[in-house]
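The structure appears right after this line, and notes come after that.
We call the chains A, B, C and D, going by the order they appear; numbering starts again at 1 in every chain.
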Amino acid sequence: MKDKRMTLKEAVAKFTWDGCTLNIGSICAREPMAVAHEIIRQGRKNITFITDTTSDPAELLVAAGCFSRIEAAYIWIGVVGQGYNIRRAVEEGIPNHIEIEPYSNYTAGLRLMAGAMGVPFLPTKSLLGSDILTYNPKIKVIDDPYGSGPVALIPAANPDTTFIHVQRADMAGNCQIWGMLGNDDYAARAAKNVVITCEEIVPTSEIRKIPNMTVIPEYVVSAVVELPFGCHPLSVTGCYWMDNPFRQEFIKASRTREGILAWMDEWVFGVENHEQYLDKVGRDRLAKLQELEQDNCMIPEIIWRTREGM
Amino acid sequence: MKDKRMTLKEAVAKFTWDGCTLNIGSICAREPMAVAHEIIRQGRKNITFITDTTSDPAELLVAAGCFSRIEAAYIWIGVVGQGYNIRRAVEEGIPNHIEIEPYSNYTAGLRLMAGAMGVPFLPTKSLLGSDILTYNPKIKVIDDPYGSGPVALIPAANPDTTFIHVQRADMAGNCQIWGMLGNDDYAARAAKNVVITCEEIVPTSEIRKIPNMTVIPEYVVSAVVELPFGCHPLSVTGCYWMDNPFRQEFIKASRTREGILAWMDEWVFGVENHEQYLDKVGRDRLAKLQELEQDNCMIPEIIWRTREGM
Amino acid sequence: MKKYAEDYTISEMMAAVCSLQINNDDVAFVGVGIPLMAGAVAAATHAPDVIIVYEGGGVGAKSRRMPWTISDTPTTDNALAATAMHRVFSDQQRGFITVGIIGGAEIDKYGNLNTTAIFGENGSYHHPRVRLPGSGGANDIASSARRTVIVMRLEKGKFVNKVDFITSPGFLSGPGAREKAGLLGDGPCAVVTDRGLFKFDPETKEMYLEAIYPGMDVEQIKELIDWDLKVSPDLYVMDPPTEEQITVMRTLDPMGTVLGRKSLRGEIEPFDVYYNSLKKSYQGRAITL
Amino acid sequence: MKKYAEDYTISEMMAAVCSLQINNDDVAFVGVGIPLMAGAVAAATHAPDVIIVYEGGGVGAKSRRMPWTISDTPTTDNALAATAMHRVFSDQQRGFITVGIIGGAEIDKYGNLNTTAIFGENGSYHHPRVRLPGSGGANDIASSARRTVIVMRLEKGKFVNKVDFITSPGFLSGPGAREKAGLLGDGPCAVVTDRGLFKFDPETKEMYLEAIYPGMDVEQIKELIDWDLKVSPDLYVMDPPTEEQITVMRTLDPMGTVLGRKSLRGEIEPFDVYYNSLKKSYQGRAITL
């Protein structure tokens, strides 16, 4: 079995580059903020970001000037406020203008699904009659040869790299995910390089106890990074709940360009790595977030057995 | 929560009819032989059978003259012998000629997937250059508008009814499946009526312990039938292993038309229902099959917990 | 007998009205904000059997806590299923989702919604005056859910003759246009605002005023709308939220996170207040599985 | 040093030769019969890291028992993943499956396989002389696996100039034809028979004899083949199975279920013999997870 473990710094250095196409998996839960921090620390530019719906990590990467183009359905901060950074980029070109190729959540998923299935496109009855078609020239509407009328063809996407955060993986990259999956099953298979970040690396024997929970098999995975609390201030099912006061500070800072630059100086450039970031957030605070999640949901224990006790 | 429980007799009476299009889920493991027996006892005719790969149940339904047409990738008895009944029907018209519309396993799955997704077709690079295209006029080959060359379009299938056997379901039809899934996730969503047969009906609270294991949600399910050992002589992951000596007898009987008629008289018409069939097989024998499976695999216990012990 | 609340916010009234658009036998897709709350209230009051589906892949969760988005961790607490985003949208395209509830920023009389960008006078899609979040799943819901309910505030300049960008299709250009475009769902059936409830004429597909909230005025409403609004001959004044509905909302959302009681005022709660408030709200709400 | 077996069947030889077509870094799709055994032997001997994928959805199982089909319960014992059939075939179409191993009933010199029907003299697809099982997943494997290995017995009338029905594409009509048809995989790389091993000329795409089994005769082989068979100038005699390979096969398949030692003779084992034989084989094989 291959050992694909590396540090986040190594994985970002190896699997991202200026001008690459990038996906970061999941939405709100399991969206790895730590990955955004490291990409910013490594100063990547001109990235095309391919996703469905995205929240805090994308806002920060936009503010840092890493993106030149976003192909997505929804770019915003949910729950606690709005997307000041994406607004500033699109409306005022600060720090740089970003072109947005519009999709819906389903069709953003379908392009990853097509990419994952090895087909050039997938058909849908979404988008018909809308202006998403007007401003997305890639999507063709054809007359269904089977007679159902117009059908939109969503072309495949195969991003250079995707980062997907999961609860647990083994060192070869077999990943088990609890809670909603977003489009991660297909996002992993669509990308040319797949970096798994996870709360915990477990022995393969743990994975084998419940193979139906494996969403991503090792044969699609390039690297595995153990990254506990890698989604703070966002949440991970069964692990920790959202840190909304932290997010509110982030959004408050985002209201002005000066504010977000100062915020990045403190929280991104002011620390060397994720460990230092967590120390700065405070281990007590992280423990309380863990408690808030686990008051409601913990990853269950799987008692695997046979009659012979194999 | 809706109570969709009924007996197998009621479910077959309500959800099958002469001339219907029928699917029976899974392959070899979780292929519900008891459903075939009841359809035969109720004397259904002229059924179009839609599947991917099928084994013993289809052989028996062919022998009983229930089918007039099969749309499938593979119709045979695996492991222990060959498909004498399907051969007799196609080669000699005994008991009736059956027309077979050819597919491959993947494309048989894609038509159910298209049906399940509510789209008229799905594209693939399978089948190109083969005679499956020659003898399946439904499949159109188009030139990919995105430039990848020829692509085969597999039109959607929406069978009138599917029967899917699972390890456990609640009374509303939320189904959890262990082991390989075949195409059952999409087969359930493609069909107009879905009858779940299961080893055990469990309280919904059991389902809620591990929602990621739910393959089929209640909103696609029409009826739920508790049917322990419903796949004998085939296997169910974590429940019981194959009864190959029984299958060998079945195949031996299938070598001649007289043989299989006598076999049906004994094993299908000679019992009134599945309970009587199981008594006739022998409870000791069933317990041993259970043991053979569970020496290797049992459905794990899920210890669900929270810090607060909710 | 129903007891009506006396102290309630307009957001709570909107959530209450919206919740009543959900029936007990619905399979409901709910979007962020008031729709999320409407789903939670419906499930906790008049529609205990409703199956709430969240875009991230959560189906039929039963939680002591309120989802704040369509994909956070409560969306799968004790759920019937936890699956993928593409899966629940495929299920919708197949027809299994009976109602979808979505928000909007700009709407026209045919119920076409814009949540992508307000172009402004010399603006364009790529250089708009105001960039908005985009579709999210709203386009898919508006395209394929059997019926859709729209929730938005009635402000001047938002109920317009022509939206800058049709993010989510209503009846497009009028009768027959959805069918011609190839859309699967039946389109919008109601618009829940902060002043009244709107419905759509079955013949002309035009939005009309069906009912107003207590204390609201029809003429004021008409002034806020760019087109010549038709009013139902049977216009009525709606009931306020019930005490039960308000209790559910405030238990589930003690800090006003979803309905915006605090975030609108820009207050940041200290972490310990946040932690204690959530701990307390969990204790106050037992779930029977 | 390798110890070669002295007592082995020709099916065991075929399984051994076939297993050597699988490399340690392969992700391998194996079909029913000898391919199943070849996968199991490879994993237990020279290719411990190979990931065997079964069509039903099992990935990387580690079991004390032998799968008898591509979808029975051992295919997911202690597996790395247990998923859907469409999922593993999509993974193959995406290029993740490096080798596929399939059987056939009729083959031509370009490696096109027929497992659908032998038409016979006045027969046709709908009224054939012999109906066969059909493609199963073989067409998909032959279309999209990066390379394919074919396993079939060399009998007169089976290695033909033109197959009645191309179930699974080889090189179709010759050089360039797969690319023109739009197929993704590179096509067949070897044919394992009961007399020798065949490969395909990289230029002409024609099947040629690469090696023969101990005691086999080239002229006899040529007589069984309808076209003018080319023979490698470097033709060699292959080694018999090793003792290790044979031990693995007989432990995993004590009743000869997969390799047909008994079913070919039409014997039916009494249930208690079956039960005891399986119990014993489980005890004889400990798995380290």
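Heads up, the rule we're going with is that a residue touches a chain if its C-beta (ideal position, glycine included) is under 8 Å from a C-beta of that chain, and two chains touch if they have at least 3 such contacts.
Predicted model, so just to flag it, every value in this text is computed and none were measured.
Visitor: Would you kindly count the fewest steps from chain C to chain D, each step being a jump to a chain that touches the current one?
Guide: The distance in steps between these two chains is 2.
Visitor: Report back the single chain whose CA centre is most distant from the CA centre of chain A.
Guide: D
Visitor: In angstrom, rounded to a whole number, how far apart do the mean CA points of chain A and chain C lie?
Guide: Taking the mean C-alpha position of each chain, the two centres sit 26 Å apart.
Visitor: Can you compute the centre-to-centre distance for chain B and chain C, using the mean CA position of each chain? Integer Å is fine.
Guide: Chain centres of chain B and chain C, defined by C-alpha means, are spaced 40 Å apart.
Visitor: Distance-wise, how many Å sit between the C-alpha centres of chain A and chain B, to the nearest whole number?
Guide: Roughly 37 Å, centre to centre.
Visitor: For chain D, jot down the residues that touch at least 2 other chains.
Guide: 58, 64, 76, 82-83, 90, 93, 144, 184, 282 - these are the residues of chain D that touch more than one other chain.
Visitor: In chain A, what residues contact two or more other chains?
Guide: 118-119, 124-125, 148, 151, 178-179, 212, 295-297, 308, 310
Visitor: Judged by the touch rule stated earlier, which pairs of chains are there in contact?
Guide: The complete list of chain pairs in contact reads A-B, A-C, A-D, B-C, B-D.
Visitor: Quick check on the complex: what are the chain A residues that touch chain B?
Guide: Counting only chain A, the residues touching chain B are 118-125, 140, 142, 144-148, 151, 153, 155-156, 177-179, 209-210, 212-213, 291, 294-298, 300-308, 310.
Visitor: Residues of chain D touching chain B in their complex?
Guide: Of all residues in chain D, those touching chain B are 32, 54-58, 63-65, 68-77, 82-87, 89-90, 92-93, 116-117, 125-131, 133-140, 143-144, 165-169, 172, 177-178, 181-184, 257-258, 263, 266, 268-271, 274-275, 278-279, 282.
Visitor: Looking at the complex, which residues from chain C come into contact with chain B?
Guide: Residues in contact with chain B: 27, 49, 51, 58-60, 62, 64, 76, 78-83, 90-91, 93-96, 144, 184, 282, 286-287, 289.
Visitor: Please name which positions on chain B make contact with chain D in the complex.
Guide: 26-29, 52-53, 55, 72-76, 78-81, 83, 86-87, 90-91, 99-100, 102-107, 109-110, 113, 124-132, 135, 148-151, 178-186, 235-238, 241-246, 248-249, 252, 285, 288, 292-293, 295-297
Visitor: Given the complex with chain C, which residues does chain B contribute to the contact?
Guide: Against chain C, chain B makes touches at 1-2, 115-119, 174, 189, 204-205, 207-208, 211-212, 214, 217-220, 308, 310.
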